[in-house]
Amino acid sequence: MEIRSMHFVDRVRERLDDPELQRNLKRTRGRNAAARAASLGGLDDFDAVRARATEIRASVLRDLDLWLERFEREATARGATVLWAHDGDEACRLIIDIARRHDVRSVVKSKSMVSEEAGLNAALEAAGIRPVETDLGEYILQINDNEPPSHIIMPVIHKSREQVTELFARVHGTEPKTDIEALTREARERLRPAFLGADMGLSGGNFLVAETGSVAIVTNEGNGRLCTTMPRVHVALTGIEKVIPTLDDLATLLRILPRSATGQAISNYVSLLTGTKHDGDADGPAHMYFVLVDGGRADLVGSDFEPMLRCIRCGACMNHCPVYQTVGGHAYGWVYTGPMGSVLTPLFQGIGNARDLPQAATLCNQCGVVCPVSIPLPDLMRKLREKQVERGMRPWTERLAMRAWAWAAARPWAYSACARAAVRYLCWLAGGRASIPVMGLAPGWTSQRDFPAPAARTFRDMYARQRRGRAS
Amino acid sequence: MTSAPPGGRGEVGLFVTCLVDLMRPSVAFSSIRLLEAAGYTVVVPEAQTCCGQPGYNAGDTRSARTLARKVIREFERFDHVVVPSGSCAGMVRVHFPELFVDDPAWHARAGALAARTYELTQFLVDIAGMTQAPGGFSGSVAYHDSCAGLREMGVKRQPRLLIDSMPDVRRVELRECEECCGFGGLFSVKYPDISGAIVQRKCEHIHASGAYAVALGDLGCMMNIEGRLRRTGDGLTQVIHVAELLAGE
Amino acid sequence: MTSARDDILGRLRQRRPRDDAMRDATGEEIRRAIAHPERGPRPADAEDLVARFVERARAMTSSTDVCPDTGQVPARCAAWLRAMRLPLAVVVAPALADLDWRGAALSVRIGAAGRDDAVGVTPCFRAIAETGTLMLCSGPATPAVNSLLPQTHIAIVRSEHIVADMEAAWQAARAELTAWPRAVNFVSGPSRTADIEQTIVLGAHGPYRVHVLVVGT
């Protein structure tokens, strides 16, 4: 997917000015957070599960090369083929090669964020292969002129039912249906033939289990099951960081993933898929491939940003992010949105291409607190800010202001003089009022709010005077 | 409330913070009153300036380290360091040690100071054992949890306990009380549109609560919320620091 | 192809340098971790696994029924289908072929479900009390499609197969299955979606309803 994160500020303005989007964001705001909170009680000890989940993911990353080799060995032994790709383009080429080898004309897809990274749909179409998104949300986006998702697990959270009604009537040529159940049925009826007729099913992978060389897929709709059961060929496309050691680890992570994502104790379907159909099996693919994509992940191993690779794509960080809840996912300009996107996008797509993302955060740490694998998201955003400073990517005004402040704050006499001057200036601006409506030095502040007027003197001056008074 | 004689429980170093120094000296005076009421002798080191948080959050680690060393030198002699700001206290408690991971000597000093640094209400309740706020205030009050106080320092119960001890105060809870007010330091001037939309939601929750006053523990959030209330035509709702509320007039 | 593999693994190795001895030691740790899987923290076990399973399955919008012995399974299925006004035609997994389905006045086909089958009947390898989940293993006698294509899925769960949690289910699978199944499907209630306005609709792409018959209680 082409990155547009460099236009963040303009995209934010458009979204704040979009009353329909704001209505849609408001409708769902807080609901996932509340559902998550309500579901944690079922765990007895959330902190212990979270600590274990964190350790599972961290332990694999410590020895990722060896775990990948083990996974590959097990998967191959059970009949799958494991392929590797440096980046999204290479992944697309590999998948098109597979499709050609097996004479594939149509592909049904269940959700795969890596396929969004790679821009797989466009590549398949260019190769004359028809991709059909089958997750209801992703399907809605695909028929809406390949609109990008705005949330990693609820891709059309930015849309209203009225927008879906209009879209279905226009694209399907059917009577407009306003009922959500009827809309869902209509998509089901459209997609059933696609499942039954597709030559290839493409899935993502929530986890790769080294013990059995399997991919684990978590869905509610059942489209993941259909994509991996009906077609002759199954391709699981995912990142190299998704390995976990054992089935018991899968059990632990499944306690925390659906709860963090949607507040469910478990998702409706969890499928562990291992190799190809056996002799005598009535269903299942005859060919199974894994396409494991690096896409910037390997370079994070052993770096300050390694904790980001623990991510299990639950979306809790964005569900709890005040910025995401205000601007929606499209403002972020790439596949991943919210706090995890603000860290991943610059790391995968270049720090210079997404300068605003790590800056556009209040560092409130709601994301860090809810993350089921304890990723310190605000710390990572701060480290990205450090990188921007190191590489001279910040505007000179900001650099100058920061340097001047640091210089003065390190020298009490200079600080004291500046503070005194600032108070005098602000009091003059206030002119006796309780607050300052326009301030030339901080237009950003006063575009949105008044600046409260300070007291007439700094604390240090008042305190010194008081002490002198007591002494004399 | 406390049986110790005035000043009998030892010295605390008060880290005033630069925003209080500049904008709202009464917060520091209220803090001194509260700490003295709890039986402590309050010392305000004169050369103190800023904890370095603005630079730290802007990615300027070098200057953050310089200022951190200054704070450590000035405050490490105290048994307790008290800060009337969750985010500046969080800077000392959580981030100072992180700044010196590669410098064992300073890391140890930062860690030692961090362990003795408290947000004001946290110190009053958890260390001083205060159960009754000395001040008087009358009216309904909503407490806004500032992010760093809540999530870095664990301040949640303490201010509520003290507010609830005030006989003429009726405390009300804000909806989404743990959500950020949209201040975020430089974020508020770099991304004013987003910041403004977030603080607008906070103001709506304040209005919905019917509170006469909002009390909070961080100057940044205070200026943000008060500034937005005033801008949107609310000249009535009081926005006060929790120290001012608890110390009373 | 191999070059991407070797390059990626090579770079990972570079970023985490180990000498031969360390590499061997880590390899040994990995072998041990897989041979002796460590269990994470689990919620306290229920005293009555069957009751817990039934409660949680209902919470996931499965319907449940109990049946004292296997011989009565076809009749109970037929009674439920009649009560629900659903078609009395079932496609039954070969593993359950021995039951007397015709004796219950059901039109029956033994085998894998196709696009037109309305009701699929499956056995269940294990069921998980913690979440009310069915664990279905694919195989010649247990096609995966029977719990997937029909609008109605009936699962026959033997009460002694109800285990506390997924860890216990995996343990049973490791111990009992001679060939590891192509697909292990954990099913917790009917298919659902909440993609449009986060409003839950049952029957997105899979079954609209899941009926669980617990046998042997």
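Just so it is clear, A, B and C label the chains in written order, and each chain counts residues from 1 on its own.
FYI, a contact is a pair of C-beta atoms (placed from the backbone, for glycine too) under 8 Å apart; a residue touches a chain by one contact, two chains touch by 3 or more.
Being a predicted model, the structure only gives us computed values, none of them experimental.
Q: Which chains share more C-beta contacts than any other pair?
A: A-C
Q: If I average the Cα coordinates per chain and compare with the overall Cα mean, which chain comes out closest?
A: Central chain is A.
Q: Averaging over Cα atoms per chain, report the distance between chain B and chain C in Å.
A: Distance between chain centres: 52 Å.
Q: In angstrom, rounded to a whole number, how far apart do the mean CA points of chain A and chain B lie?
A: 32
Q: Rounded to a whole Å, what is the gap between the Cα centroids of chain A and chain C?
A: Going by mean C-alpha positions, chain A sits 29 Å from chain C.
Q: I need the residues of chain C touching at least two other chains; which ones are they?
A: none
Q: For chain A, which residues are shared contacts with two or more other chains?
A: none
Q: Flag every residue of chain B that touches chain A in the complex, lowest number first.
A: Contact set of chain B toward chain A: 16, 18, 20-26, 28-29, 44, 46-50, 52, 54-61, 63, 66-67, 70, 98, 147-148, 151-152, 176, 178-180, 182-199, 222-224, 226-228, 230-231, 235.
Q: Would you mind writing out the residues of chain A in touch with chain B in their complex?
A: Residue positions touching the partner: 9, 12-13, 16, 30, 322-323, 326-327, 356, 359-366, 368-369, 379, 382, 384-390, 394, 398, 402-403, 405-406, 408-410, 412, 415, 419, 422-423, 434-435, 437, 442, 444-445, 447-452, 454-455, 457-460, 462-464.
Q: List the residues on chain A that touch chain C in their complex, please.
A: Going by the criterion above, the answer is residues 27-28, 31-32, 42-45, 48-49, 52-53, 56, 62-70, 78, 83-86, 90, 94, 134-137, 140, 154-157, 159-161, 164, 180-181, 183-185, 188, 191-192, 195-196, 210-212, 220-223, 225-226, 228-230, 240, 245-252, 254-255, 262, 265-284, 292, 294, 298-299, 301-303.
Q: Which residues of chain C touch chain A in the complex?
A: Against chain A, chain C makes touches at 1, 4-5, 7-9, 11-13, 15-16, 23, 26-27, 29-30, 33-34, 37-44, 56, 59-60, 111-112, 115, 130-131, 133, 138-140, 143-145, 148, 165-167, 170, 173-174, 179-199, 201, 203-207.
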